[in-house]
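In what follows, a structure is listed as structure tokens, so that the remarks can point back to it.
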């Protein structure tokens, strides 16, 4: 909504101005709300609660985050899974790990990561589409990912089978520590380079090994 | 305990000296631990985790609390129930109330409901028993349920691990509109999955073996 | 998914094949399908416990590789059946596409892994509002009846449906490479010379045929049989190679059951 009124740069300027006029209480209120939140809080919700534009919320949060970092606090404010949250500073991981012990996140297996990778970039997609890419029955992995809340049924296919279609969840974004699925690197960056393609093609060539026969 | 040995001012003087020699990382670590803590953290535990005297912990926390207050943050560090914790500043209570009322998602997830059901019917039971039945790390869900006051630590197992045992609370009964846990619909005719039976029977022997939930 | 591969990093047939091909990447001109097939079958042989569905996948890939291999070994004069030719190319392209996909998502997964490791260094604050706000917290159990709770329990504690689907279809696979070896060895030894078509006569299941083919390939590798194919896509003849010593008489059998 805000974007219709302000473009990025103007928006920032305006909120810069707005911020200087801001009741300091708003900043404190923002801190208070973020402190009691149990999951990342969307800027839209903060804007509504604080009765300020969303761009201002974003700018305020960024400013707060920078202030905390500069002051060398042991916590940080980050944008993750589409919202802002307080978290412990990564540099203090060693101490916090000692403290949380059983609150540790369960490891994500490589099979789970690969399946997540497929779903993240190709969502929504069905079991059989996942199976086709992985070459393995993905049922067990899908169930684990679903139980952990990283993926969810987002849709059903229109086709005759009405296959369940899977997509990633905000919790997945949290697990990866990213703000949105758009923050993932482009899949184009991952396309195997020419040497790999060539190696694969050669490995699977159909034509005879006879060097006289031109290869394609 | 400290108060018996040092009066307020002496205590502060002593730790004041010690503090000037302190690695700044210790202060950051203290902030990090307090930020992620679910409940007030006892100075003794903080002293142990940070490998500093308890008097220093107390002095540090007091100093931090004063710093936050002076800087006009929306949160504060307070000592409650014999421990230190972050909480929202009372002056911002109106905003926090608004957030709590409007902001929180008020629907129970199916994962939370299933975990709650298992605890309700099979209480008391440990984390690892819950994990064994649900097949996933139940930590986050347990935390939510505990936070909402639907479950609580009812006991500790006698076994070597002294695992925490969970049970439902009077609030839970109230919300469900029943007078006693015996008023829940019977599950007598139901034959549970063999793995569930096994998990319950093996009970606490699971605890020490289960790498998912390190108990200490 | 209970299976163990000698190199435990391989999650599936594409991954294994990808590894085997790329291992030879150093000099791509050295990439040899024969080596790949040998290594591939070697890996499959070393699997201790193998999931049936997975076994099917591994074998189907093996079959495709062998198809490519046979095609490559044959002189390219006669063009054979165009349809079959196209079908083979199609299969190759499909396999290639899958391998590229596999490689792509393996790389993505490693980036994800880095992100997760980094995210793991920070712990979120989840303590929530302090108790003074407890009365305001919306009731999560709004609308949850005792009956709904019972149903949730039944759902959570109910026997889980088995993950393996279509078991009856692939079940015969379990021991069949080992069995196939025994069967075909006996048959070839008796006949001395027999066509592959006759060896698989009466078998309609594609997997069974693949398994028999693998058995013959195994015998060929051990030098127990010679293979002969006069024209491309023509009859494959299997010829028994008699040996002096009887010490190797006992055919080494791959046991896929582990």
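Per-chain numbering from 1; labels A, B and C assigned in written order.
Assume a contact is a pair of C-beta atoms (placed from the backbone, for glycine too) under 8 Å apart; a residue touches a chain by one contact, two chains touch by 3 or more.
Here the structure is a predicted model, which is why all the values come from computation and not from measurement.
Looking at which of B-C and A-C shares more C-beta pairs in contact, the answer is the pair A-C. Chain centres were defined as the mean of their Cα atoms; on that basis the chain farthest from chain B turns out to be C. Closest to the protein's overall CA centre, chain by chain, comes A.
Distance between chain centres (mean CA atoms), chain A to chain B: 27 Å. Spacing of chain B relative to chain C, judged by their CA centroids, is 47 angstrom. Chain A and chain C, compared by their mean Cα positions, are separated by 32 Å.
With touch defined as above, residues shared between interfaces to two or more other chains in chain B number as follows: 32, 35-37, 86-88, 96, 100, 104, 134, 143-144, 147.
Residues of chain C found to touch two or more other chains are 123-130, 133. Per the touch definition, chain A reaches chain B in the complex via residues 24-25, 27-33, 35-38, 41, 45, 48-50, 72-75, 86-89, 91-92, 95-96, 98-104, 106, 144, 147-149.
Only residues 32, 35-39, 85-88, 93, 96-97, 100-101, 104, 106-108, 110, 112-118, 120-121, 133-134, 143-144, 147-150, 172, 175-178, 183-185, 187, 190, 192-196 of chain B touch chain C when the two sit together in their complex.
Here chain A touches chain C in the complex through residues 35-39, 75-76, 78, 85-91, 93, 96, 100, 103, 105, 108, 110-111, 113-114, 116-118, 120-121, 132-137, 139-141, 143, 174-178, 185, 187, 190-192, 195-210, 213, going by the rule given at the top. Only residues 1, 9, 11-15, 18, 20-22, 24-25, 28-29, 31, 33, 36, 51, 53-54, 57, 61, 65, 68, 71-76, 88-89, 92, 95-96, 98-113, 115-116, 118-130, 133, 163-165 of chain C touch chain A when the two sit together in their complex. Taken in their complex, chain C has these residues touching chain B: 123-130, 132-134, 136-142, 144-150, 152-160.
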